[in-house]
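These are the structures in question, set out in turn.
You will see chain A twice below: alongside chain B first, and alongside chain C after that.
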Partner chain A sequence: MRLSRDFARVLVIWVVASAIATPVVAIFLTPDLPPGIATDDAAGQQVDNEVLTAVATPVVLLIVIFLAYVLIVFRQQGSAIEEGPRVYGHAGAQTVWIVASTAIVLGLFAFGTFRLLEAGAAGGGQGPSPLSPLHAVGGESVLPVQVIGQQWQFTYRYPTYDGLQTPHLVLPVGRPVELHVTSLDVVHSFWAYGLGVKADANPGVDNVAYVKPSRVGTFDVRCAELCGIWHGYMFDTGRVVGERSFEAWIKDQQRIFAPVQKYLPPYSDTYLPAPQGRAG
Partner chain B sequence: MSRFARRLVGFNLLTAVVLAVAGYLFGAWLGDRISAAPSLAYVAETGENDVSLVLGYLLGVVGFLVGLGAANYPIRRVLGYPPSLPQPEADGIGRYFRFFPDHKVVGLQYLVGVGLFFFIAGVNAMLIRLELLRPEQSIFPPDKYLTVVGLHGSMMMGVMTSAVLGPFGNYLVPLMIGARRSAFPRLEALSFWLLVAADVILLTAVALGGFQTGWTGYAPLSGQGAYGIDAYLCFFALIGLSMTLLGLNLTATVVTMRASGLGWGRLPIFVWGVVTTAAMMVLAAPVLIVALLLVLLDRTAQTSFFVQSLGGSSYLFENLFWFFGHPEVYLLALPGMGILLQLLPVFTRKPLWGYRLAVAGMLGIALISFTVWQHHLFVSGLAADLRPFYMLSTELISIPTGFVFVAALGTLWAGRIRLTVPMLFCLAWIFNFLIGGLTGIYQSDVPSDVTAHGSFFVLAHFHYTIMGGLVFTFFAAVYYWLPKMTGYALSERWGKVHFWLMFLGFNSTFLPLFVVGLLGMPRRVVTYPERFEFLNAWASISAFVLGFSMLVFLANLVYSLLIARTPAEENPWHSTSVEWQTSSPPPPHNFDRVPVIGDPHDYGIAPAGSSP
Partner chain C sequence: MSGRAQRVLGVVVAAAALCVLAGVYVTSLSRSPQAAARSADLTLQTVGALGPKYDHPSWVSYLVRDRGGEWLHSTNLEVPANSLVRVTIHQYDSATGLRNPFFARPQGTVGNVIQVDGKTVDVIDPTLTSHTFAIPQLGVFVPLPGVADNAPNQCDAAPCTSAQAHRTITFTFRTGRAGRYRWQCFVPCAAGFLTGFGGPMQGFGYMDGYLNVV
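This part shows the complex of A and B:
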């Protein structure tokens, strides 16, 4: 039977190629995947990216090898129209395909849910009242920081330091941080790339994201939701510093911004200024 | 009065334009009279009154449609006169510029309309890549750049939803099911002219200060913008209406007008692709219309559906928009799958492998697509604890999508494969959609989506599914069916040049953009860090190659249809499906005798003496 020999060949090529390529991808390529390992969240997301890439590798290989084989072996030369075999399907092959794809999908779902709920890889907006207990780190050491999006910059408030508001984001290393993201006007999205955090800033909403920086360094902050004309310029750089430099920085900021601090509204989860648009 | 002048009087495009302008002026005047303008500070400050502009657009569209003659039939019936139906046998080029309820005329109107707006939106894409050649803002000021981005996105979304159903659905479905017309021919004509009106309105935004919201038009940002936003909102609402009517007509046609004996289990697979899409349009597009009407009410009647401090919610718009928007991206995928599976058997000379599985796949995609919309809102904080559910529903869609893949692969297996131009475009679908589908998994996985969301990764992903999927099969359909529709053959050689430039240009443009996104570049920015310059410049230059491939196509079209005019063979692809059993182009009544429709399983030349 020629066909089954062809099929066996495709299978063998695929198995060999996958056996070589998948470990190569997993070992050499994926450890450098974004968003890096500067925080527990970022490292967790990197694991997800690694696993998904490793799972995708044999799937890509299957389709590409199949296509290449078919186009080389079954391509018809000459101009005569020759009829192919009248095969309408194959119950066994279809069953294998359905079972395998369902298993992969359910496996990915179970994996993703575990990573989201248990492994602390969420990094995104957990909403105003996160139910999942594992995300609420709790304890004395948690540092709440409020991220306020407005056209076209982010400002940050530190409620445990008398509601200090500054245009810079500095976080202490090794301490769990609770980011409270809100907006004063339109929808923004707070994207701290190296932290592995992205959380939408909606007016009137307190969107919480947890992160624990594990390395000292800098990270990019960008707005990831179109927020008007200067959206492309809504970026700055944040820093993760040691605990003592952090305290020193806070003191410094308190001194610098003391003159304007008294004009700020009292710290609150959300702020609702008057509408600025044509609506309402 | 000369004969020519007499032909200009009547219900035609000229009258429509005149009445559209009159309607606009009357609406604008009325809006100025009735609005509470003096009480609104911004009206005095900017001299812009949204009530007046929106009423102008509304009555302008009404005038346009009345001028075309869209209202003749209902008015005559209401007044008790017998209906005067246009002669379907009417000939000549003039019928393409009229409200003409014939599915083949509307199909060709759609093909030209979709092509024109695709071209305009494509030029905008070239302008975007021109700006992104350099990291710093270089050609456009930020507001102009965002207008270009918004025009590209909105116009593409507006025409792509109808890109297959409009031309090929309207033209071919009645032929494929053995019908002489569609179920609601006047709705069919109306859906096309609404598309035209909508796109013209969108283009007026350029003269009205543009719009800086992108195609998603999130509130409350859309509450801030100037006149241009009204143009965007009216455009998209009209597109929604056009989609609803298009879907309604095609669904009704397939449900009620199949030739006797053509049961659901024997329907050509392309018709399945169309009917699943059409049904989804009917269910999803009205939600879009509602969402945009609410924004229009916010901007004109001063309601506050989306103003947080007055009790509204920015989440409401996101929910409504994506409740439409996610089924929408699958209704951009299904027609392409239909074309793919319809054409593969022809060029492998084999019956479709796993017909039932493929149909189950299309139905599965259509059903599940209504349950996934909040995966656009994974980081929004909205219903955060439901994220595992949306992760599951999103990933479940890969199962029915896999059915379509395996049907395609099974059909190729052991076939007699001929690499014609339509076949090349179909094979490209398999590769492109594979990349598009697998990168979708990264965004369904919440932790991975934290990086991908709102970045160039998402952008590359949906260009792989929409451009790599839908647009490639759209061109397959053009090369495959244009000889049927026009009676002229297209040049195969130039088709192959077009294909290879487009395939290589496309992949070379969008593969690097996945990397750019993962490295941290958000969408819709006019500037980016210098470290992304090489990849962006690479993508831009590749995009120009991609753009050039469209010019090759255009040249092929002009050369083949206007200059060479080689008559197409009666059945150039040796297809056995029904639409090729009638002449090219088909007679106005489609079939002299309604054909007995064979089994879609069958392929190739039936043995002599056997009947299908």
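This part shows the complex of A and C:
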């Protein structure tokens, strides 16, 4: 009877605490979760994090409340050291625990799978796919941008602007972007954290990821794959600008880098520079 | 307007003009010496092989000239903040070629140009590039052309001398706020290492280092 009363207490405390804490977490805490809302993809990832955090809240509360209750109610009284009461299994509690855990995990699995496959999902650098979002977006002009990793700097090519190459990543707001990520030497990883995009940069491989910036601003770009002595310094800051500013920026970059344009190789999905001179 | 009012107005206008002139004078005084002081010279050399005096005799490397004119095997460089830095690089190595031809375009220097043996250029042939001096965080990328393979009197051990075959590259760039910035070579110039990216390209103190802006 004692255990039943304790169980009921814990249950009531947990239900009340969850009823209060879960909405509080969902409403007030989760809007600040990463990676922000700079793009549809980033916002989508934030929603995923919100759902996970909200689902985890009652689970965490159950563990903390149960632990606290046990520590307070069943703590050793006095200085005598005594054996506690024998513990028996409880088929009902075990069944509930297993069923609830399975339901939560399978529910999150279904949620995650749906989020990956639905129209508007970011893709994982796995390349163009009938399921990828931008193929489902009709009538929008997609901007291809190539990300080239090399020790230890990202450079960017804009194939629709005569293959312009620049050390800066600037994107127009509101326009779908198709990122083609590759490397000239070792394995890097292009991680535009604020955009919610991350794709490996492998030599000889064209990894494709999609993004649609939804607001003007800046975002950080980092290499997320240990790539040598200056890996920690392989970062820069990208910008999302208005369409007219973007066109003006392109013209400016074309002017600045006109002298080297004739030396650039024709645009290609990948580049495999042959070891030259003493190298190799 | 009465005569008294005209006199008062004249005095006020004259006083204002004097104040403006004094302000301009003081401002110019405060700026000129500072601008003159805010510049620095940096002299480097690149060698194809350090030679027997150093730990890795066959490794390619940068050296820096100290205030006494001695060449030091160091890649920790120091320049003043918010200043104009005049850089001279004596390049004694032969060409390797850039993996990404994009870096053949000087960037981040004053005018986005460099002087190669006294001639101003805005790009060099990427296949004839020997090294680069790049400070990506400051947007500075400078390609360094190599010495011809058949040039006479080539240097085979550091420090090289001006009598030996070399190219002289000069440029200027502006520093901003104080900080520590990495610099590096973008040419895969490490002889004997896979695709030229090992050894001195991955070891601090040879083809990379820090630019300490103080």
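Just so it is clear, the second predicted complex is superposed on the first by the 248 of 280 C-alpha atoms of A that agree within 3 Å, B and C clash if a C-alpha of one lies under 4 Å from a C-alpha of the other, contacts with A are read in each partner's own complex, and residues count from 1 in each chain.
As a convention for this text, a residue touches a chain if its C-beta (ideal position, glycine included) is under 8 Å from a C-beta of that chain, and two chains touch if they have at least 3 such contacts.
Computed from a predicted structure; not experimentally measured.
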Partner contacting more residues of chain A (chain B vs chain C): B
Touched partner set for A:Q150, first chain B, second chain C, both or neither: second
First, second, both or neither for A:P259, with chain B first and chain C second: second
Partner chain(s) touched by A:Y158 [first = chain B, second = chain C, both, neither]: neither
Contacts of A:F74 with chain B and chain C, given as first, second, both or neither: first
Chain B versus chain C as contact partner of A:P167, first or second or both or neither: second
Partner chain(s) touched by A:F246 [first = chain B, second = chain C, both, neither]: neither
First, second, both or neither for A:P273, with chain B first and chain C second: both
Partner chain(s) touched by A:D220 [first = chain B, second = chain C, both, neither]: first
Residues of chain A contacting chain B in one complex and chain C in the other: 185-186, 228-230, 233, 273, 275-280
Contacting residues of chain A [partner chain C, same complex]: 148, 150-153, 155, 165, 167, 184-186, 228-230, 233, 236, 256-257, 259-260, 263-265, 273, 275-280
Chain B residues within the chain A interface of the complex: 40, 42, 50, 137, 142-143, 145-146, 212-214, 216, 218-221, 223-225, 295, 298-299, 302-304, 306-310, 312-315, 318, 348-357, 377-385, 387-388, 391-392, 395-396, 398-399, 402-403, 405-406, 409-410, 412-419, 427, 430-431, 434, 438, 441-442, 444-451, 453-455, 518-520, 522-529, 574, 601-605
Residue ranges of chain C in contact with chain A within the complex: 94-97, 99-102, 104-105, 107, 112, 122-123, 125-127, 134, 136-137, 139, 141, 182, 184, 186, 188-197, 201-204, 208
Interfacial residue positions of chain A with respect to chain B in the complex: 3, 6-7, 33-35, 41, 44-45, 48-49, 52, 56, 59-60, 63-64, 66-67, 70-71, 74-76, 81-90, 93-94, 97-98, 101-102, 105, 108-109, 111-113, 115-117, 119, 121-128, 130-132, 181, 185-187, 189, 191, 193, 196-200, 202-205, 207-208, 220, 222-233, 272-280
